[in-house]
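Presented sequentially are two complexes of subunit A, the first with subunit B as partner and the second with subunit C.
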Partner chain A sequence: MFLHTDVSNINDTVLTKKNRNSLFYRMKKNRMAYLYILPAMLVVFTVSIFPIIYGIGLSFFNANLYTMGNGTVKFIGLKNYVKALGSIDAEFFVVLLRTFIWTIVNVFAHVTLGLIIALALNRQNLKFKGIYRTLIILPWAVPQFVTALVWKMMYHEQFGFFNQFLGLLGIEPIHWLSNGKIAFIAVIIVNIWLGFPFMTMVATGALQSISREYYEAADIDGATAMQKLRYITLPLLKPAMLPATILGTIWTFTNFNVIYMVTGGGPSKATEIVSTYQFNVLTRQNAYSMAATYSVIVSIILIIITLINMKVTKALSDEGVE
Partner chain B sequence: MVENIIELKNINKEYEGHNALKNINLYVKRNEFITLLGPSGCGKTTTLRLIGGFESPTSGEILFEGKNIADLPPYKRRVNTVFQKYALFPHMNVYENIAFGLRIKKIDEDTIEKKVKAILSLVNLEGFENRYIDSLSGGQQQRIAIARALVNEPEVLLLDEPLGALDLKLRKEMQIELKKMQQKLGITFIFVTHDQEEALTMSDTIVVMKDGMIQQIGTPEDIYNEPKNAFVAEFIGESTIVDGIMIEDFLVEFSGTSFECVDKGFNNNENVDVVIRPEDIKLVSLEEGMLKGIVESVTFKGVHYEMMIKSDKQEFKVHSTKMEPVGTKVGLRIDPNDIHIMKKVR
Partner chain C sequence: MKGKTKERVSYFFTHLFLIIVCLLTFIPIWWVLLTAFDKRVSLVSTEFLIYPRNPTVDNFIQVLSHPSFVTWLKNSFIFAAGTTIFSLTLATLSAYAYSRFDFPGKKAGLASYVIYMMLPTTAALVPQLLIVKYLGIKNSYLSLILIWSAANMAFAVWNLKGYFDTIPKSIEEAAIIDGASKFQVFTMIMLPLAKPALAITAIFIFTAPWTDYATSYLFLTDASKYTLAQGLFGWAADFKTVSWGVFCAGSIIMALPLTVLYLVFQKYIINGLTVGGVKG
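After this line comes the complex of A and B, so read on.
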């Protein structure tokens, strides 16, 4: 009898505990709090969560200008994915490969250049440090499309700065934007110019937070400047630089402005990367579902890259510095 | 063997027109525990940094066993530093932190391992080799910082307020432990602190500094019992400082009363500062008192009561195990030995 009562009590306790942990119970209990965040939640849902769900949903339909016009939009399962990834020589794969090259070269250059400049500007006795640091931020502070258009003008075959300058030295003009390979290098240069200030700022901030005592401790041991860089500066920059690199990878992979403004993906699609390719699929072919499919694929790729990065480098974890 | 391991001769240090150190002359004996004591901005850390090689003097000489080392880089001095915030590398474990200096010096791995193990045993942290710095308590971090400095076998260890970040109980334990460690190792410790109690507990010699100048050098007993000026008296321990007139040798007047004292060599009727420690004023009956006063406030301090007693416009701080209630009229007695006369500097 006692045993029975005890067990039922325990069950009651378990149930109550379970109920208390349920979302519904917590919402009911903290009703006012949930009411306060409701407007913000609605905005987030409308501008962020709903478009993601809608985009993912759209990739399973055959929505384009034609089917939407005559009301024949229908569910087609994974057909769009098969079309995008089905054939290895498909145009999308070339674009995807180019996007990887674009991202790796850019991010590598951003981080390296950003670090070198931050280290150079971090020297204790350097005068006018503030002015240099402000100048370094300028490319980042100016709207991307303005910078991109200025670079496009500088690349102009006849009147652009580069060819004019080369002409002064008696060198033949370079087909900056009309030769596919050179155009790709040209847009990469523009994006490096645009992207390194961010890494410089992150590295500068992180460098300033490294205590001078670490270097003095190394001085006592007779460490050289290179040893201090290798054993102290770079490991201590890691916790700041790794998340910045992940962020830089995502920004660069999905960059649209630079290529769209400078080359428009040309010549002959030679500088097309995923975002501009998607844009063309959407605006020229009006293939909405196909464009949504590419978005989902890009998102999955970026999530995988980020997860691998975080796993390998332990960035964003508590042991990030170890 | 030179008795003085370190000598600072006429050291001046200027920072952008500001004199951080003014004509410092200091002799540090071999195997001594010497403390640089003073308030913030007195120049104690600058002095330590000059000895460590992190700064160069504007003028003057720093001698190590008689040789000028003022221009030598830190790693060429047989001196090591324990930093205020320890400066342990957060991305390395305990072993790597201690081994860092030895690795830079390209010492072979077997020797490094032996040395690291031995030094960890000295600081009672065996088995901590693989722990990361942020998993250690403040006290443990401090021991690792000491271990990292000692593993390089310096002849002089510089400690820049190393106990500042520890809680009171741990600080007291570490004070005793540091002193033991110094005696066991038989090396010279130069310790910087602003905590007078810390200085009195650990030091063989205390150097009291203020505004970039040395105020007094002496044993803890000397500094406490015979402060050279009102600043030292005020900074080391508690005291009441009153204006007095040195009537003649061994006789001083303050609070309207003449007192016998043990000081001489002042001009007759010279204005002086009279310093009296609160524990040196005895509460007696009104008839027996050399001064009479009224108890203005009483605070219980655990071991004793602290009472403020007003006598002839002058307040005296008195420490006594016997409590007199506020408003009581009491007599005060001060023995000649307990009256310290100082030249007026204010």
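After this line comes the complex of A and C, so read on.
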């Protein structure tokens, strides 16, 4: 990929002999560098980028297990995209909407809980800080895959932890995973449990770097605790929390493990989000082109989120807060 | 005097709040530990326990002598270690070049990794399957080591390059004056200095194959190549043949190494994630 740009650079500078010499000279002098970067580039290109381009191409065809089997794969233009997004009734549209709800609810809970807990942990004369901190970050340290499977068992209607606990209190068992609406709440609970410790850690780190002097000055001016929070703590947390929030948004949006392990997208697709939906379309329906189409759409949404991220980060550094 | 009581009350509520949060984070973990370390007659837990009534390590002995589990453990280790060694080697070489050489095409190369992170990676699955079948390497260790390595390369290169950039150039210059070659500088000065970054990047890369279910499900159809993720997923769906105790013991074995590493390196990992920028 980069080799092409080099070649065109050489052509551009062909007019000035001096430049060409210096470019060649620089390439020759640094030839070891190309040797160093080549293996990684080669692996990424052949194993990933080439298949990705092929996959994007597939989204304009009607490839599935059937058409590929009897050789009737043909170019169908944007039909897959129209099918995915063409009408509000389309299944994918519902899934996409659910993914947005899932992302917003989760990220909001992660950031709010993370902040509140970090503020509590940051109190100056608090005892047992270390113990609290370690226990609170445990959900982050355990691999997500294992956690998700364990929660699935805890939600088990007969023998799971929750219904047994409710049984002790004399409360009727809840259909955690067989009722669509409750199942969606159940997976959100799992993901909130998994995600807030990361935000707590980021916020704790940022809080520790805020100088005590600000608060002392505010105390002299007679500021209330609320005012200190609003005018000192929160603005100074922003540079650390904003990138973490955007990162969290992308992770939550593309999360696969939690929903797939706990509900598999069911019951009757009630908890399906884009990543699980795409996987199920690929593995259950063998609709290769449709799966690729969804993949491209998700990617475009993620690129938009990333662009917003870059803009916000740039705005922050222009403000001089970073 | 009044102010002091007020402060005490507020600290009391802070402790109360934090204890509740700790209970919430700890209950699921405690439940797994209980199920794994307690001897039950039935396959599932039918009674509510707060502490183990009959502590035992039977479940661990059972799971470690289960032929399939041992195979999964071995496979997962080969996949994860292979991916880590392979992609860390390539990424370190690249990152060093991007950090220390000023060669034409450097910016384009680095930028191409950023673009790569934004591409629809899941769109590659079907073509990758076709390629793997075409090459006749389906169900091989190599096929998935390559795929996981490529998937982690961009993050690894950027992360390591960022770290190399923070090592002052004067150290190398001194070595070059002493007659060291560039390669010697790389292996004998840069690598030892970059140990913390290498460790963190290795943990990240290792996590992907170790816990990835979707990719192994798609690419591995031969039971002798199944990974822990596939195996435990199967066990979680089938309580008739595998007891919850055995499943929980297996989960603990799968989770423990990474949990310990993440707890030990937590500060570096959080920094690496938030400073390293957006990982797609």
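Points worth noting:
Criterion: the second predicted complex is superposed on the first by the 264 of 322 C-alpha atoms of A that agree within 3 Å, B and C clash if a C-alpha of one lies under 4 Å from a C-alpha of the other, contacts with A are read in each partner's own complex, and residues count from 1 in each chain.
Going forward, contacts are C-beta pairs under 8 Å (C-beta built on N, C-alpha and C of every residue); 3 or more make two chains touch, one makes a residue touch a chain.
No experiment lies behind these values; they were computed from the predicted model shown.
Once the two complexes are overlaid through subunit A, subunit B and subunit C fit side by side, free of any clash as defined at the top of the document.
In the overlay built on the shared chain, the residue A:Gly222 is in contact with subunit B alone; subunit C does not reach it. Looking at the shared chain after the overlay, A:Gly265 reaches neither subunit B nor subunit C.
In the superposition on chain A, contact is made by A:Phe256 with subunit C only, not with subunit B.
Judged by the number of subunit A residues each one touches, C leads among subunit B and subunit C.
When the two structures are aligned on the shared chain, A:Glu213 is found in touch with subunit B, with no touch to subunit C.
When the two complexes are overlaid on their common chain A, residue A:Lys238 makes contact with subunit B while staying clear of subunit C.
Of the two partner chains, subunit C is the only one that A:Leu58 touches; subunit B does not reach it.
Of the two partner chains, neither subunit B nor subunit C is touched by A:Gly248. Between subunit B and subunit C in the chain A overlay, the least Cα distance found is 11 Å.
In the complex of the two chains, the subunit A residues touching subunit B come out as 211, 213-214, 216-223, 227, 231-232, 235-236, 238, 319, 321-322. By the touch criterion stated above, subunit A contacts subunit C in their complex at residues 1-3, 5-6, 9, 23, 26-27, 30, 32-34, 36-37, 39-41, 43-44, 47-52, 54-56, 58-59, 63, 117, 120-121, 123, 125-128, 131-132, 134-147, 149-154, 156, 158-159, 161, 164-165, 167-168, 193, 197-198, 201-202, 205, 240, 243-244, 246-247, 250, 256-257, 260-261, 275, 278-279, 282-283, 288, 291-292, 295-296, 298-299, 302-303, 306, 309.
Within the complex formed with subunit A, the subunit B residues making contact are 52-54, 73-76, 79-81, 83-85, 87, 89-92, 100-101, 104-105, 132, 148-149, 152.
Listing the residues of subunit C that touch subunit A in their complex gives 11, 14-15, 17-18, 21-22, 24-29, 31-32, 44-48, 87, 90-91, 93-94, 96-98, 101-106, 108-109, 112-113, 116, 118-128, 131, 146-147, 149-151, 153-154, 157, 182-183, 207, 210-214, 217-218, 229, 232-233, 236, 244, 247-248, 251, 254-255, 258-259, 262-263, 266-267, 270-271, 273-274, 277-280.
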